[in-house]
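Before anything else, here is the set of structures, which you'll find just below.
Note that chain A is present in both complexes that follow, paired respectively with chain B and with chain C.
Moving on, here comes the complex of A and B:
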């Protein structure tokens, strides 16, 4: 029983971090239909901001989180205006964003490599490799703190989307862009805001990832498939879905890794992607697409 | 009139430039500068570039400057193959330097063999690469990865003799060419040619069984995308193994595994990792967790290897000094090994007095223990497969935040006693 509980704890701890990594991706798709393949590379950008702040001043990565988030959000505004704004009326907008963001991912990787070299980095505050030991069980402090902070941020984001005026506007734009525009919503501003929040979330995730996983510029290729699996399973655009899917898949992967073998744990994410696309393409919490 | 003069001058300049280019010795290297192997790829690039610069500063090879052409293969085997084809057929390079990792070297070796190029391999230790019958393959490290376990057990010889050695072991590894090769030797598995399924070697009973160490856990993680390190470390801890063998494919994985073992509070007597001699390892895991971790390596900054460069003595200490001056950081083996490859090719061209790869290959094959290639990794001569003869790994151990070498004993100064057992993480 203790073994099962331990695996569950480790799965949930990992899932909390993955949820935050995926939530920005989901938000950006939900509001703007941008399939942002560059999202993980921007997470790594946030991780580098945190790493260098820790290295130079010793500032804790969790304290650094709002700063990394703001820096990445500002970069998000710039990217949106440069790359996406003029293409929003295109009939093939979503398809185009796949290619655009793929190119962006490679550019960000190259830029990070040029600025910070391809050397692997990891932030090491004391709690990153420590744990609370309770009898036979242990709870890793780094993952626990990262998971808690993730859930706080996601809850705050959900409350913002649900109760604030800007949140209404974002949700209205998500549901029906044209109708929102007719009702006086400045859709372009809302898109910029949502993109900035999405990339800001990547920055926040970067701060947390910086002490949970080691990273280097090319690491994003390993994360994109996992994050896409989580976002698709949860329902593209659904923050709640992303959280549920991240926790669910991480727990399943932890059990698979322990009972069947570590080789298969990663496969859990891809198998889930495959199955959900076959059985329920809109995901657990997504809306069924209207038939043409 | 003015126009005619301008055109004549331009044409003359173009001809001169092309003549200068033709006089250069062009050498191509496809490296994983981006992608999953980029951490080591970039360091390899630095090793090649520094060596080339020093050769050119000293007057070049056979009086010709060396032009290094490096392409980023994005850690992708197909791209690496295409780039070497391009070097040979389009760029018309005179020679090539090898790429990083067994995964990329295996397919590249067949292409370079097809064009009869000398293929100096900086990284690609899997035995199956050397059993394909390629003629001009030269591995610039110690013998094939399958035999690494021999040197690990040699370090443990004294504790095995006194009955203090660990009795049980957990062997965890990346599902990767290199890690699988070391694992095969330790566990006594058969090595097969992936194309024909023909048996290349039967390594039974394996170095661990030979030493009387029982395997209580064996696990592999996928080559890419694995994140569940804590769960893996927890399984290792629960196995109760007294020794942990972590065969990681990269230094990054070594950091992840060690941090996870520290987090779960594992308490093995001995930890051996296949990677972790790099500076990033100690930065990533910290002094306490690294203490006592044993790692095999081909190079260490303090080993007094004697090499040559541009016909003059150029020792390991000279390399460390030059590298620090050029890049402002201490080198590690990922830069030292390609530097040695470059030294080897320079000596081959000089020795053969030609950039004809057939002649260079003949010259390299003719090297002996007493008349070897001399590099910052020491002396090299090769068997007919291309594996280095008479070389052993340098076994290193992190002690008090410093990477010390603990084996081979008595060969050079600076070898410190092997620290055992490890006092937790």
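Moving on, here comes the complex of A and C:
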């Protein structure tokens, strides 16, 4: 019983971080229909910002999180204006964004590789290697803090989307872009804002990832499949779905990793992606696609 | 005649494509119901989209209360007092009725005033109060159309443009929609309507506009349009107005 509880706790803590990693991806797809394959590479960008801040000044990664988030959000605004804004009227916009963001991911990887080399990095605040012990239970402080901070950020995001005026505008644009525009929403501004928030979330996730996982510029290829599994299972564009899917898959992966073998745990995400596309392509909280 | 909105020989189309409207004109008088009729592809919906700023006007003018609207964005035109409900009703399916109404008043800065106006709408449309916390996407077609029309009233618009509000609705519900339009008109809101059911549209309107191949063929009092033998033959299937 204690074993099961132990695996559950580790899975949930990690799931929280994966939920944050996926929520920006989901938001950006929901509002703008951009399939952002570069999202994990931007998470790694946030991780490098945090890593260098820690290395140079010793600033705690969690304290650095808002700064990394703001820096990445600003980069997000720049990227949106340069790469996506002019294409929004294109009939093949979503398809085009797949190619654009694929190219962006490679560029970011190349840039980070050139600047920081492909050496594996990890930020090591004291708590990253420490743990709480409750009876037989072992709870790594790093994962726990990262999971809690992730869930706090996602809750704040959900409250912002649910109750604020801009949140209303973002949700409205997600559900019916034309209607939002007709009711006075400046849709272009909302797209820039949502993209900035999405990439800002990538920056925030990067700060947390920096002490939970080791990272290097090409690591994003491992993460994109995992994050796409989470976002597709949750229902593309649904933040709640992303959180539920991330927690669910992380817990399953933790059980698989413990009972079957660590090398099999990653397979959980891919198997889930495969099955969900076969059985319920709209995901847990997504809408059924209309048939042509 | 004191016109509220004057559309003069406009040319407009989608993107870089061919012009759908080419020489369309329209005069809208305050407080009346205006019905635009015409065959499929005549440019009826395109005309509304051009007026509300969703399409770029290539030639001609749209003048509202003496102000030229050409080149303005939809949100700017809405702030001038022109609301547009497209064919698909433009609701937010995963938002509740109340949230949809809140979005109707997105351009209002005074939150308390917005909530007061929402209460006013819920008072006038009891079906919406009953379903205030229900997601709009789960309501019937008639209820959704009622919500779409009621939502326009939140900002107290000067003109409400409705693109085929009767589309997909049962005849009894269609009459309810026309009753709402008449109520709007009685309250001083000018209604501009595109209607596929030309006979019903004109019977419930004060002014008729006939559009074909992107240009205005004829406009005048609805009764005159209804009585015109050419119009009856071409657009009313030869039916005589009762």
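Just so we're on the same page, the second predicted complex is superposed on the first by the 292 of 292 C-alpha atoms of A that agree within 3 Å, B and C clash if a C-alpha of one lies under 4 Å from a C-alpha of the other, contacts with A are read in each partner's own complex, and residues count from 1 in each chain.
To be clear about the criterion, a contact is a pair of C-beta atoms (placed from the backbone, for glycine too) under 8 Å apart; a residue touches a chain by one contact, two chains touch by 3 or more.
Here the structure is a predicted model, which is why all the values come from computation and not from measurement.
Superposition note: with chain A as the common reference, chain B and chain C can be accommodated side by side.
In the superposed pair of complexes, A:117 makes contact with chain B only, with no contact to chain C.
With both structures placed on the common chain, the touch criterion links A:184 to chain C but leaves chain B unconnected.
Chain A is touched at more residues by one of its partners, and among chain B and chain C that partner is B. With both structures placed on the common chain, the touch criterion links A:49 to neither chain B nor chain C.
By the touch criterion defined above, A:266 reaches chain B but does not reach chain C. Shared-chain residue A:89: touches chain C; no touch with chain B. When the two complexes are overlaid on their common chain A, residue A:236 makes contact with neither chain B nor chain C.
Of all C-alpha pairs linking chain B and chain C after the chain A fit, the shortest spans 35 Å. The touching residues of chain C, counted against chain A in their complex, run 15, 52, 54, 73-75, 78-79, 83-86, 90-95, 99, 102-104, 106-107. Those residues of chain B that touch chain A in the complex are listed here as 33-36, 38-39, 41-42, 75, 172, 175, 219-222, 224-228, 230-232, 234-235, 238, 250-252, 255-256, 259, 262-265, 280, 283-286, 289, 425.
For chain A in complex with chain C, the residues that touch the partner chain are 89, 165, 168-169, 171-172, 175-176, 178-186.
Interface of chain A with chain B (complex): residues 3, 6-7, 10-11, 13-14, 106, 109-110, 113, 117-122, 124, 128-131, 133, 138, 140, 142-143, 213-214, 216-218, 221-223, 225-226, 253-254, 257-258, 261-263, 265-267.
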